[in-house]
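Two complexes follow with chain A in common, the first pairing it with chain B and the second with chain C.
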Partner chain A sequence: MISSDPLGAVYASRSSARVLNGVCVLLVGLAVLAIWGADLALYPVDPWQELDRIGQGLLLPRWDEPVVLLQAVGQTVAFALLAVAISVPLGLLLSMFFHRRMVRVLCASVRSVHELFWGLIFMQLYGLSATTGLLAILVPFTGVFAKVFAEMFEQQSRDPLLTLAPRLNSLKRHLYTDVPQAWPALVSYTRYRFECALRSSAILGFIGLPTLGFHLETAFKQGQYAEAGALLWAFLLLIASIRFWVRPRLIPVYLLLAVWLLPETAGFSNGGYFWQFISQDIWPVALREGDLSGALDWYGYMLSEQVWPGLVQTLLLTQIALVLTGVIILLAYPLATQSMAGTFMRWPGRFLLLVLRSTPEMMLAFVFMLLCGPSGLPAVMALALHNGGLIAFLVANASDAEYGSRLSRPDDPKGLLRYAYIETPRRFPAMLAFLFYRWEVILRESAIMGILGIATLGFYIDSAFEEIRYDRAFLLIAVTALLNVLVDSLSRRLRRLAQTEPSRQQEMSCLKME
Partner chain B sequence: MSRPSVLFQLSDQSLAYGDHRVLDSISLKIHRGEKVALLGPSGAGKTTLLHLLYRQQPEQVALQPQSGGLVDLLSVYQNIFIGGLDRVGTLPALWNLLRPLAGHRRAIGALVQTLGLEDKLWQSVDRLSGGQRQRVAIGRALYRQQPVFLGDEPVSSIDPLQAELLLEHLLAQHETAVVSLHNRQLALNHFQRIIVMRDGRICCDAPASELSEQCLDAWYQQADASSSADPVSAPDEWALAQS
Partner chain C sequence: MSFVRRMMALVLLALPAWAQAESFVFTAIPDADESRLQQRFGKVADYLTEQLGVEVKYIPVKSYAAAITAFRNNQVQLAWFGGLSGVQARRLVPGSEALAQGYEDQFFKSYIIANTRTGLAPSDSLSDALKGKTFTFGSKGSTSGRLMPEFYLREHFGAAPEAIFGRVGFSGDHSRTIAQVQAGAYEVGAVNYAVWEKELEEGKIDPSKVTVIWTTPTYPDYQWTVRGDVDAHFGAGFKEKVRAALLEMKAPDLLASFPRQSFVPASNDDYGPIEATARAIGLLDD
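Up next, the complex of A and B:
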């Protein structure tokens, strides 16, 4: 129905571009301010010579013990595969009860702690074992699956529900309507998460589990760059070839293989120790003994000496990395598009973005740290390159999807003008939305970078575990988790403010009116 | 027939989406055992009315929404089986996704013969034509085995001959039925009572025996005339008057 819009005049004066620009100026301004406070020192370690040797190692990878390499790859896959296989059904089950506040809070809290921190926690209970590696991935992943699956169910049509008996139990209702309706989305998200699990699994090597990260760290520390190169290429190949080797029919075979490949130490801890750990070890002595002033002293000391400085560095690095990620996206995405790089020349660009997207931030940061020394600089660079590559790839895909469609005109400008007048304005809202979605991830990652020796929250957590001061570690992890939850809600608000939230299909079902 | 009791009752019910009034002070009583056809141009509020009725008696209603509410990846068998989910325990319902339960297989096998879908029983419904999908939705409503049927254009994309047969079957299987339709002849031939809606209001509510196709057509034409009095489309009318 055609109708004149009396509100049109009001909308016209509210420019969407102005709101988006406002959000961007705010973010960039904060990042510039952050540069003052952040520790971004460049230590004179003669990076060029080192870079030269690393470059040679990447170009001429070499590995003398293929069995060890195969074993490392196998165990990396085994942890990831088993963890996903267990966390998907658990997440599915929890997603069916996601309307309950308890379930939502539980999922948000397990999600907000990074896999590596979970790894450090479970390591205290189960040692360096298969159990530790599996739990470290599957606990946070269960929380993620529950949330994302619940959101997918929410987007399905409500009509089938109207044709069912009204008081069916949740399980039956979901299995016959929401699950089959959302099936393609569930499968493709699980596939994507498996890729993330591979990265997490590789990274768990940095805290000692026998996955690729462990060998990579050793090779780099010993200056065996050819070996490190071989490991990196093996990992990239593994991720790039996922769609060739992950076949539904082969998954049972892989699962059996994975169980067989896991490290032999099962790592059982008796229930008594577990109980002692959560009831005593993670609380400060003063608090346990009821010494209130002592407890206050302890918390005061922790706040001023560890929590606050760690928090500030984490936030500053996150802010700089966020804005730098945006810059990388804007610079890199045209390299991978059909309309600007050309049908053939976009392939090197796509390859570069895929490499950046597949390499975990921790690995990049680790390499950069060898070059620039232990400051916030390598962390910021690694975060910006990985996340920038990931988002630029999505943005380039969106541009290619539109190329040659009805939106394109024969008189569209070419080259730089096209970039400035057509592509960037069209992609910008989606790009910002992706960036805000990654904000939480960037924060999680910049906290975890501390494990490499950068003074973010992770640094204090790692030291606390090393000194077997679980009370400190627990407090710091709790603060990190809380920070994540806060940033998540802030980013949701910013997305709404900038109106970049992807629009959900409007349901005209009358039951929604209540 | 037993003593007629009131099943659905609306008194002075209005409903709006923002500024748009969908239902405008509707008052209505429908008794147990009545077969009511709901007519009127699209956008008149028939769907909204059916959903309101559904909410009054969800426990004894088999609703067939306009979309059919099918689940694309499931087979015809599973889509019909969904109607009887409340008669099956949770574990058998889980098992049924892997291996159809024998009893239900027989019952649904018989049902698809009535629907003319026997060769499609194990096909997923996303591959079916519009008419076939609609027949699956009818199958689900029948398999709900409820005393009341609420249908939102349940036979609109089925060929006329089969549409008539299936509508007859649906009416025979349910004690009470309220069905929105586009086909005036079907309404006159198979229902006792006809309600015509326009712009969210009930403009005619009479026994079918007192109405004819011509007088129903008149309601539709009046609806067109009143909408062209709208200021937006006024220039068109003026152009028509000139020619």
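Up next, the complex of A and C:
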């Protein structure tokens, strides 16, 4: 696997620790350089009145309409469950063809568009409807499933193939060798993605679907923090209790319930609009009219005024956020592990990680903006805390899965020594791999920080939708997708270079949700 | 929608939803307090059902862009738009018409507000001391929180906001703008005057921390806009019936949802200045 990669071959001769160090130094070095270029000003602020109200709202949540809350929770689950149920088989199917470049590029490009933007696109085609919500989640999720499933299959042993009749077709070979071997990993990854789908589903409320995010955004925007607190708590509870209510046997029942819970679509009859959207709306007028110089002007303007500056800001922020995420993981994961925090004391740590990964970044960013003024700083902090919380949770799970197994010895050191000499070295390659996976996600998410006045690519995409300029939105989304395909292949290379492809066992234990 | 139809919505993901039994649908985004939209505008829907003799439904949306999309897709036939979003919607749906505006919307205005620590004092004209400050608009598509303030800023300083200020943000909402300027996260902001007055009355604003430093000239803002093809779908004269029902909406609890004291007639021409302004600052293409 490594020898097929020329760069990897060079490094394969050195020790893996050295390469690992090299990659880390490179990443940190780039982040330090990015700090020079990024806009991280600090402003004097007086946020205490607002923060006091936010704190009170979180501590004393209030919600007067239990029916509305239940409905929102139900619909949040319904969208997530159905989207996962559809995207898993699609992802499995695509993962079988993942060796084809076209499939890989297709998957990377659908992944690269944020769920919110998919939502805005499908809203043009299907209006505010259940279809829009489902597609907005299941399209990017299919891309993710295809990629991760393919990587899981890649890591399986080829030996069982020898036991099969040579004339079996490839589908049967796949079903009898790769699928059974990878099954536990597939299941635990799907569970993990279900939690992600719940988050996506909630966030889609921000653009008008009737999920938790709908009310959460309104309450937060209007400064009704007691209501916002109640919704946030409801969401945390929903995520924290997944393992109690997601039971394999109940899933068919849930699926039927989910279909029943999908919101009604108000009359929507303009089906012919689909064609107009893809053939006209998303192309600049000059191009449609065959005015070549006008079209060149348009592209030139977009490139110099939006694409290039947006690209630079996005990359700078992403790089800093990536490294800060790594720092947060290293700080936070021991708090949630059995071996270092203890059987009981790990619960506060786990709770902290739950809060970090479940609070929408936009809200974290708002609070940090109150604290340090509008700049890239709150964006970086919000992205790093959110993603750091998520990966630290996976890393802590991996540690817990190993705790008390045959890998542990009675003379293992405790406390800081254990952290420095046992846990962190063992977790580090997998942690780095997850960080590389999240790179794409951070890139996508850095897009939605327009409130901070930072003109990332996503800021311009959002503006384009607000101004009903779908031609601009389409170009910018295409650029984002392209960037993501590049980052994806770069992170693949870096992973190989650092040999951080988690072994099958690590992967499985990391993804275990319990 | 029955269970079977929902099931079909799922199965036929790839197909656009189909036309349903005709009911007249409207949407509205009030300039302040977006909570409990369904309950508040449900009452307006009930009133319109009674007046128009067809079933009227309300669907809540999150942004002007979503409202315009729904209007264009014929998912809603009537909408309470802001000045700019109304112009955008009428451009996309030929034949559509502004029917009525709020009494207050005939002479709407925006405030430029500043954190008191900036030392900026209220004035009759925009002060040069604004240069280099941090500044936040409201939502990107807002007339009072973005379009008109941006127009007057450009007119006075002869430059784009990004060139006037040290930083330009979009808070997304008038209440957020006030909260951010009050907390000093942004030094200066542009806000809808009605939201400011309301929050001042409710005691959410601390006058020792944030003050109004400039008021824009007046301009037309929110209005009801209806699609041009409603007469064909709901019978001749339907559009005029809608207009009459809106103008006759007198119950205070209905009007409080918007919030407006009453509705007065309006026409597309009333919004010519808004359209010209949007063109002038490059928010609309020709």
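Throughout what follows, the second predicted complex is superposed on the first by the 375 of 514 C-alpha atoms of A that agree within 3 Å, B and C clash if a C-alpha of one lies under 4 Å from a C-alpha of the other, contacts with A are read in each partner's own complex, and residues count from 1 in each chain.
We adopt the following convention: a residue touches a chain if its C-beta (ideal position, glycine included) is under 8 Å from a C-beta of that chain, and two chains touch if they have at least 3 such contacts.
Fair warning: this is a prediction, and the values are worked out from it, not measured in the lab.
**Q** Could you look at A:159 and tell me whether it touches chain B, chain C, both or neither (first, second, both, neither)?
**A** Touch status of A:159: first partner only.
**Q** A:223 contacts which: chain B (first), chain C (second), both, neither?
**A** second
**Q** Can A:462 be said to touch chain B (first), chain C (second), both, or neither?
**A** second
**Q** Which of the two, chain B or chain C, is in touch with more residues of chain A?
**A** C
**Q** Which of the two partners, first being chain B and second being chain C, lies in contact with A:207: first, second, both, or neither?
**A** In the superposition, A:207 touches chain C alone.
**Q** Go through the superposed model and pick first if A:172 touches only chain B, second if only chain C, both, or neither.
**A** The first partner, chain B, only.
**Q** Do any residues of chain A touch both chain B and chain C, and if so, which are they?
**A** Looking at chain A, the two contact sets are disjoint.
**Q** Can you list the chain A residues touching chain B in their complex?
**A** Checking each residue of chain A against chain B gives 2-4, 157, 159-169, 171-173, 175-177, 180-181, 183, 509-511, 513.
**Q** In the complex formed with chain C, which residues of chain A make contact?
**A** Against chain C, chain A makes touches at 41, 43-47, 49-50, 65, 68, 82, 120, 123-131, 134-135, 206-208, 214, 217-219, 221-224, 227, 259-260, 262, 264-271, 273-274, 285, 369-370, 373-375, 450-453, 462-463, 465-469.
**Q** Using the touch definition up top, name the residues of chain B that touch chain A in the complex.
**A** It is residues 15, 17, 47-48, 51-52, 54-55, 58-59, 62-65, 67-74, 78, 81-83, 85-86, 88, 90, 93-94, 97, 137, 140-141, 144, 232-233 of chain B that touch chain A.
**Q** Provide the residue numbers of chain C that touch chain A in the complex, in ascending order.
**A** Where chain C meets chain A, its residues are 1, 3, 6-7, 9-10, 13, 15-23, 25, 32-38, 57, 59-66, 68-70, 72-76, 88, 92, 115, 117, 134, 136, 139-141, 167-173, 175-176, 179-180, 182-186, 204, 206, 209, 283, 285.
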